[in-house]
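Chain IDs A, B, C and D follow the sequence of writing; residue 1 opens each chain.
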Amino acid sequence: MAQRVSVNISRRNGAPGDAESCPGCKQLLSAAELKESLNVCPNCGHHFRLGARERVAMLADSGTWEEIAAHLRSADPLEFFDLRPYSERIEEAEYDTGLGEAMIAGTCRIHKMDTVLVVMDFSFMGGSMGSVVGEKFWRAADTAIEYRFPLVAVCASGGARMQEGILSLLQMAKTTCAVDLMSQAPVPFVSILTHPTTGGVLASFATLADVIISEPGALLSFSGPRVIEQTIKESLPDDFGLAESNLSHGQIDMIVPRNQLKDRLVQVLGMLEGGVACALEPLWEEEAGRPGRGGPLAGALGRIKALANAPWRSLKG
Amino acid sequence: MPTLPGVHLKDEIAKITHRLRELGLSRQVDRAVWDKIELARHAERPYTLDYIHHMFPGFIELAGDRCFADDAAIVGGLAAYMGRTIMVIGHQKGRDLAARTRRNFGMPRPEGYRKAQRLMLLANKFGIPVFTMIDTPGAYPGVAAEERGQAGAISATLLCMARLDVPIVAVIIGEGGSGGALALGLADRVLMLENSIYSVISPESCAAILWKDSGEAHLAAQTLKLTSSQVAELEVIDAVLPEPRGGAHRDHAGAAHIVKEALEDNLRQLEALHPQKRKQERFAKFRRMGIWRENGLTLF
Amino acid sequence: MPTLPGVHLKDEIAKITHRLRELGLSRQVDRAVWDKIELARHAERPYTLDYIHHMFPGFIELAGDRCFADDAAIVGGLAAYMGRTIMVIGHQKGRDLAARTRRNFGMPRPEGYRKAQRLMLLANKFGIPVFTMIDTPGAYPGVAAEERGQAGAISATLLCMARLDVPIVAVIIGEGGSGGALALGLADRVLMLENSIYSVISPESCAAILWKDSGEAHLAAQTLKLTSSQVAELEVIDAVLPEPRGGAHRDHAGAAHIVKEALEDNLRQLEALHPQKRKQERFAKFRRMGIWRENGLTLF
Amino acid sequence: MAQRVSVNISRRNGAPGDAESCPGCKQLLSAAELKESLNVCPNCGHHFRLGARERVAMLADSGTWEEIAAHLRSADPLEFFDLRPYSERIEEAEYDTGLGEAMIAGTCRIHKMDTVLVVMDFSFMGGSMGSVVGEKFWRAADTAIEYRFPLVAVCASGGARMQEGILSLLQMAKTTCAVDLMSQAPVPFVSILTHPTTGGVLASFATLADVIISEPGALLSFSGPRVIEQTIKESLPDDFGLAESNLSHGQIDMIVPRNQLKDRLVQVLGMLEGGVACALEPLWEEEAGRPGRGGPLAGALGRIKALANAPWRSLKG
């Protein structure tokens, strides 16, 4: 998998006032400046990484975020130890990021549209996907199906979580099954790829969305650039694996700058939702039995059903 | 992996020294793991076409993704089996230099995965069960392969398998290397030959990343838990198939016989189920994959 | 066409002379046909994105075949329409030199057709009706396009359309050139703008083959019956849409208004049908295409 | 469309004893020699074209061929006239080939396996597809579905029949719909591509088969080589559009020499049939109502049903 992606990690936990040099234009940017511009360089438009909480704050309507499965934690199933024990790495990542895992999941409203939102954070062990990420994604998908909400996945990942060995690989299969369940419903599923999205995450749910949006300049590749260079013994093209190259090669639907992302996302969701409404409207008699969606009643019923199932749902099926 | 701030080197060195001592005690186990890796990669180990040769005399190979190329690193086709038809798909390595080059060392490009999808859908249309054999170091890491959507080709193959109405049996016959291997492994039953491996990353790459030294591959191998018995303990596969004495490379026909019996067994069980029920069980199984802590409990 | 044996040149010349005289009588009709061809190819004629601009203000373009490339000769995306969603897909020509090159003169490569299929399947999944606009000289004739399966890409698009459960409306807005055009035209309703053409081959190529002289394009145009009224007579399309006075190129907004009204009309009719019934009618319609003799009767 | 394919037409109606030079190895071959070797050069393996009747004789078990829709004839719907009237060209083609159209269709047994077989003949107006070819293909597909026989299509075509204008183009859509009906049944559909298969035939039913087999050296391209040369202003690679190039580019399943074709075809059909039998076998209770196939009773019932529908079926639906 592609944990071998080399990415410059900019410290997100520095004291306010720390200045950072923009990799795009070399200009020094203050933390306050960056925060105000959603971590986009006001000078050249370079997109810095954005933490999961900041991403939620940016996308969700204020006060609407309710987290799902926040209490899940890695169990260190392999008792993995390299230069340090995995359990210690996890603790440190928790401490540094304030997150319990590399993905947070929840329900929220985006421009008043009910949505299930999952967001990955590269600062948590390189956004790698282990058992907890897979399980959180499954529960998010479950919630989307239950409430008939669309699901939006903001991806940022170096690939599978090596420290969980083969279990992390299987999260690709697990999240794929979750995507198929959403397809069957159907509930719309949109992925937003941010720098970097690679390896097992890109090769599972991230590329299985109905609509795939990327931020500008994001590295999107299955294998990391260094691995490929070692294999082909040549240096790579400048735009290797970038969102722009992926767009021209037909792999993604569009590139949207961060400051337009929320609006564009809601437009896309609205369009797909409009389609679902149309598909399920009993225009013809024979289909009248099929479950409808939308409207306050349907939403309320969905919520009641979800609550009733909650104890069962919190354990593994 | 980024080097994280806040690491105190002295503590670390102490811990590592301690750990290395522990590992020294288990050197014998360690050796056994590496032996298995060498067997899994053994040049004389039977490959997909060897199993096909012994198991399916009337095999008809089908080619092409109908899009860009025919990828020789994945072979597939129709075979007569138990008085009916089966679709056989597997990674294919080459034994001599020319074959290795042609088969790209068993590392598929996107068109290999797209061919696999096409054949699976053809099988599904006619109610033909799917049998996959897994044996690859991984998907090919190349610029053009990336440009043609290596990641999307793998994910689409996984989704394709999730959706099949027909029974699917997968056997890991050699190297089950990362996403490139898993792409053929979303099956109702996943079996593993005794001396095969199944891993998220090769021990060499793992060592290079974590120990900054690919020479530590033995250490990585030990800790990754990639042998058939270790993988079985993690409940990622359904069964381990014993190999002929000394390993499959010593007796291709014998190994094929073992795989054939296991395939028949599993197919019989799977075909007794209603397709809908079978798919439900498939989904339930992959839903259970993973081990995590929740409310103080460790769940798996 | 091969030159067939047994042709007596003298007889032939007499026949041709006679036929040319006949055609002379219909020179005015002939002129009218060529005028329409020139209008259909007019550089100021509204293209797919012009119609989208006027008809669907909130259009969201979706890109890529998830396989090889994003082909700018076919555009597609989601649009809000009549309070719901519609999937719009069409050939796209360029107006200036740079745009023409980028759009490859509206001649799609296989990835254009594969993008179209992807978008149609997305629409089908969510019950979104499909609206296509046809305007191409034909699929791109190039070596690489052939190697990537131009023929298979077109046939797969046709099959994809045949299978859709959602309503499909197609409008020929300019040049409906051969298989490259038809690939977006297997629809429940096929409409044709007054000054558009729909033909199995361009008049120039037809003349080059049959008259061994591409200068006879006018003659070929006359005999091919490719104008909207002629095509309608052959019952290949469902309706001809009148254009604004002088032609669509004089009034893009007016042309878009006409197309929009027709689209609404037809969609309303189609959505009133049960999907299964709608598909039955789609199949019955294409099953009827063609005119032949059988037991002494001419059937069509 | 690709009527512009340049193909050397070898006269098939020469007096016996006429010798022909092999385009592969230049050796002179007698008509008798060629006939004996199924029109394959015994020296270099070059595959000469094969007439539709000869193809049926080669594939069908002796005495099993029953033609379908043999009485269909072109109606010259455009009253097409170039250097000569279309009606005259048709008459001449009929006279020269002894065929009523560029495709014959029928039922037969191939190594005892009941099959619907359609065969195109390039000698009949370049194997072009007009209304009659489209209708014959539809009726063949209908028959395949009715009797639950597989359908085999041997293709050889320069593309659409220009002289029927837009009607010929629409045969691509019509035959595609017929393929979809076979898919729904499902009955196996195998296409055999022979030199040359181009244009509208390649871009419709020929490439929609479950398994696509080609003869060696066959030209398979959508656009003809000359058109492409004119467009790109370069000469083409030597193997342009050949079956061998199509195989390596993933467009066909296999290349089978003519003398192995019948055996290989039956193997493929047998495999696909075996699958269908498996799919329809009521292994589980809930599906027991689904129609079975095979066995003498099912065959007989199919035949009776087909006969009962025959008057209706001979007219357009």
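Convention: contacts are C-beta pairs under 8 Å (C-beta built on N, C-alpha and C of every residue); 3 or more make two chains touch, one makes a residue touch a chain.
From a predicted model like this one, the values you see are computed outputs, not experimental measurements.
Enquirer: Using the stated contact rule, I'd like to know whether A-C or A-B comes out ahead in C-beta pair count.
Expert: A-B
Enquirer: Distance from the CA centroid of chain A to that of chain D, rounded to the nearest Å?
Expert: Those two chain centres are 50 Å apart.
Enquirer: Starting from the mean Cα coordinates of chain A and chain C, work out the distance between those two points in Å.
Expert: So the centre of chain A lies 41 Å away from the centre of chain C.
Enquirer: Quick check: how many Å separate the C-alpha centres of chain C and chain D?
Expert: Result: the chain centres lie 27 Å from each other.
Enquirer: For chain A, write out the residues touching at least two other chains, lowest number first.
Expert: 207, 249-251
Enquirer: Which positions in chain B are in touch with at least two other chains?
Expert: Within chain B, residues 66-68, 148-149, 152, 156 contact more than one other chain.
Enquirer: Please list, in label order, each pair of chains that touches.
Expert: Every pair of chains in contact is listed here: A-B, A-C, B-C, B-D, C-D.
Enquirer: Can you list the chain B residues touching chain D in their complex?
Expert: Residues in contact with chain D: 58, 60-71, 78-80, 83-85, 111, 115, 122-123, 125-129, 271-275.
Enquirer: In the complex formed with chain C, which residues of chain A make contact?
Expert: That would be residues 183, 186, 188, 207, 210-211, 247-254, 264, 267-268, 270-272, 274-280, 283-284, 286-287 of chain A.
Enquirer: Which residues of chain C touch chain D in their complex?
Expert: Where chain C meets chain D, its residues are 1-2, 4-7, 12, 15-16, 19, 139-143, 146-152, 154-156, 158-159, 162-163, 178-179, 182-183, 185-186, 198-201, 205-206, 208-211, 220, 223-226, 231, 234, 236, 282-284, 286-295, 298-300.
Enquirer: If you look only at chain C, which of its residues touch chain B in the complex?
Expert: So the residues of chain C in touch with chain B come to 66-68, 110, 114, 148-149, 152, 156.
Enquirer: List the residues on chain D that touch chain C in their complex, please.
Expert: Residues 1, 3-4, 7, 9, 11, 71-75, 77-78, 80-85, 89, 92-93, 96, 125-126, 130-132, 134-135, 138, 158, 160, 162, 164-174, 176-181, 199-200, 202-208, 220-223, 227-228, 231-232, 236-237, 240-241, 245, 249-251, 314-317 of chain D touch chain C in their complex.
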